[in-house]
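Working notes for the structure below.
Naming follows writing order (A, B, C and D), and every chain is counted from residue 1.
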Amino acid sequence: MEKLTDQILKEVITPRPENSFKGTFGKVTLVGGNRNFGGAIIMASMAAVCAGAGLVTTATDESNSSALHSQLPEAMFADFTNSEQVASLIHAATSVVVGPGLGDDEISLQILKNVFANTSDQQNVIIDGSAITLMAREGIDQPLGNIIYTPHEMEWQRLSGIKIGEQTAEKNKAVQEKLGATVVLKKHHTEIYTNDQIYQLPIGTPAQAVGGMGDTLAGMVGGFTAEFNDKADKAVLAAVYAHSAIAEKIAESQYIVLPHQISRALPTFMKKMEKLDDDHHIGFLN
Amino acid sequence: MEKLTDQILKEVITPRPENSFKGTFGKVTLVGGNRNFGGAIIMASMAAVCAGAGLVTTATDESNSSALHSQLPEAMFADFTNSEQVASLIHAATSVVVGPGLGDDEISLQILKNVFANTSDQQNVIIDGSAITLMAREGIDQPLGNIIYTPHEMEWQRLSGIKIGEQTAEKNKAVQEKLGATVVLKKHHTEIYTNDQIYQLPIGTPAQAVGGMGDTLAGMVGGFTAEFNDKADKAVLAAVYAHSAIAEKIAESQYIVLPHQISRALPTFMKKMEKLDDDHHIGFLN
Amino acid sequence: MEKLTDQILKEVITPRPENSFKGTFGKVTLVGGNRNFGGAIIMASMAAVCAGAGLVTTATDESNSSALHSQLPEAMFADFTNSEQVASLIHAATSVVVGPGLGDDEISLQILKNVFANTSDQQNVIIDGSAITLMAREGIDQPLGNIIYTPHEMEWQRLSGIKIGEQTAEKNKAVQEKLGATVVLKKHHTEIYTNDQIYQLPIGTPAQAVGGMGDTLAGMVGGFTAEFNDKADKAVLAAVYAHSAIAEKIAESQYIVLPHQISRALPTFMKKMEKLDDDHHIGFLN
Amino acid sequence: MEKLTDQILKEVITPRPENSFKGTFGKVTLVGGNRNFGGAIIMASMAAVCAGAGLVTTATDESNSSALHSQLPEAMFADFTNSEQVASLIHAATSVVVGPGLGDDEISLQILKNVFANTSDQQNVIIDGSAITLMAREGIDQPLGNIIYTPHEMEWQRLSGIKIGEQTAEKNKAVQEKLGATVVLKKHHTEIYTNDQIYQLPIGTPAQAVGGMGDTLAGMVGGFTAEFNDKADKAVLAAVYAHSAIAEKIAESQYIVLPHQISRALPTFMKKMEKLDDDHHIGFLN
């Protein structure tokens, strides 16, 4: 198992080309947020916007559109029950994020199936939260795309069939290989299983143990893979690392970290990373 | 009567265990906020989130869901008239907060009865505002749970039958003992009646005399008892103390303190408390 | 004509009594904000809350409740077409503010009549914006109460019958005397006509020439008269002075002042005033 | 082609006259923001308000009114399908901004036609985004007014018929002359085609490549032309320059710039410009 370092940030977060426009940095379509869990998809969307994706659209329950725009006028809105519009937004996306606050009822299921029916091999598809639970419960096939799962241990148990106490690196890797997908297993010292390697995140803080932290991570993975699509695999690792590096910094002066604070800190954090030369590590920048 | 000191903060707000997740810090379900008083339950929910509870759900009138998520995407929403969903959220909670902005009409009453029918002895149940008024007016029995009342003097008169001018420590304690509950009697120098002891809060400022201050306190008690559930009795005292300690600090530069400012200051304040060693008191940290 | 000085702030903004509660600082009921002009009543309400009124209720179009609570959870909401509820809120108020964003159609008129039918001599009644226009147009009698009008010059023309070019101090005073009300005539160097005296505001900045500035002033007058009800006449003067004093300070670094910034600056500004001793003027505090 | 310099800011952003009121600084009516793209018109409106226009009204889908007022109580709301009300708001405007988030369906088209039917030669009319696309697709005639188009290259292709790869200064100028309008062609080093001259913007940063950046520019052009209406042509240039100058400053410490940050920075930025004397350039002020 290879330990991630801040080196991954330097490899991924490089200066933007001078002659670029919003299309250069990809489109993210996020799908989730039922009537009860609207905050989850708002937090994920905020992460995608603040990470620097070119265009972000949030397909969610219509009761959430007002809060979405109050928090984040930069995101566009779609009604997630409008299957035609959602299909078209999926087709247009560089990265799709499905699951945050989606819920697990019959409507959630139909929405998930619609998303999965419309992805393609050219896209990054981040599958999070209740989308994972629904897949496992309903026996839904993995969709087309560069698939990235972001389960916590219980969700991984449901998807992989490996019980929480028995989730060894070896067993996890075996399932990952069958899936042919990247698995970001969220836990104390999160593990990332890719086709090539197993990575471990050596940083993080218990101040992150707050509802919405995972939604924010899913949105960051969506944002990073869209923006840095030519190095999408590294972008996943960078998103995971940045999420905890920012949290650690905030936790120096806070007992807990509110998830939206990580997103709001992204533009400044990423600028510092962009400026890092090889002799200077993040620790020096505080 | 024992005077509370900042010692209570040091006893309660200790470093989080390294290997923890959001489940470690409990779930809070808050019930309140009718069409007119939505701000009350939003302020209480903000306090619970910022105090560091693991998961926070707000059951309120549906007209408040948009403002809730605009202020606080970290909280989940439920329609407080959906009695089945509310029952299930009560069952799942470490701490229940009922009352802020609940109102006192027939719908409020049905909601309160539903909450009370679903609590258990393993839970902290904070009863605030109109929930106290309704109990007194309708003769509703105290529910199961570790019960914490947070009345102001008029609400205490309604619940205890002791008129405001006659609320002596002795009389209050006698009623508290009959109730077998903790009573946080909000007044100039708030008093806390527990099974063991009577505490007095020696701090506080008239800058706190602003609508919503009590809702914020109820939410903090909910958050602290969920997060520090293994020392729930002390957590009540710590919440009361922290609420006024933060207000005093803000009031050094403000004529009044807006309740939401106390909540937003919690993560930083709690970090300072966590770092305090025995030789240093809060005063030194300003 | 007497020039107002910062002395008025020292006379009005004195330290709060130690043993006080939110009832000590009065209740403000604001009525206004139709579907189109919701921002006006939100800005007025924010001013009343930030000025330090004990309890603030905003009676407005129901389409505004969500934005009200997103901006200001400290305010309570009422539907301004619910005449019974509005009547009851008027009865309970120390100060009533009617007019910001009320509009001038048939519904606005019915709401205004309902407000006027329910005020009493014991209350401060601030009449602003379209409420003044409606009174003049419909020939509505002045209601009971300590009446304070806050017209700009065109609204004053409508109410007084004096054309803008002819609004001399003498003529204005004569109408004021007939009305028996305080008139805050908003203009370059605002004039305040009271039963005893004519005051002129010597401060202010063109950076205040922004929509919503008058709504904020009306809310501040409502907040100050409720909070400092025992010196309500001086409270009007203090509100007018503070409004421009804060704006001048903000305008040192901004080309324009957004009205909500004045409200948000109130708690800090008022604290500085409270601390002023007689030898120090505001200018020294920057 | 003439390079724009910060000189244009000094010429346009001069001290406000002492005796001015909100009417002095013009009225802006913005039309756009369907159910899906509400954020676009909110961002444009925020730019117009923060730029210092006297009164700002936002005609948009009614689902956006709540988020509009949550973000910006200073703006007034109108339902953009209420053609009579929109017509009246267009008549009253100094500057009209149409297009941000308007969409391109049948309803969008009817709204656009209503706007175009009601402008006059005395007004600045900023035509942006889908309004340009609709004009080209439906063959709609240019309306009356001082017309300012703000297309990106694809929108310009649709309007001018010149393909993106072939958009030379000469060809663009020829079409501009036929239109008799100002064209702000948004691209790497934005070009502005006026009746007299072609200007090039030498500043800007890839950190601006974020959705909503153009909506913000359209709103700024609306705000500047209303506020500085007596020098409206220069006001367009100043808005374009200020938009990128602020972005460059923010981008010194951020990897990307969120569009709303530019608007929020306007009051402070414009104050600095107002204070600049001829020997000092913007660079000195950082």
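Note that a residue touches a chain if its C-beta (ideal position, glycine included) is under 8 Å from a C-beta of that chain, and two chains touch if they have at least 3 such contacts.
If you're wondering where the values come from, they're calculated on a predicted model, not measured in any experiment.
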item	value
Angle of rotation relating subunit C to subunit D [CA atoms, steps of 5 degrees]	90
Interface residue identity across copies subunit B, subunit C - same or different by half	different
Centroid comparison with subunit A (C-alpha atoms), farthest chain	C
Centroid distance [mean C-alpha coordinates] between subunit C and subunit B, Å	34
Separation of subunit A from subunit C, taking each centre as the mean of its C-alpha atoms, in whole Å	48
Residues of subunit C touching at least two other chains	66-67, 70
Complex contacts: residues of subunit C adjacent to subunit D	35-40, 42-43, 46, 63-64, 66-67, 70-71, 152, 187-188, 206-207, 209-213, 251, 253-260
Subunit A to subunit D touching residues, read off their complex	13, 15-22, 24-25, 49-50, 52, 54-56, 62, 65-70, 72-79, 266-271, 273-274
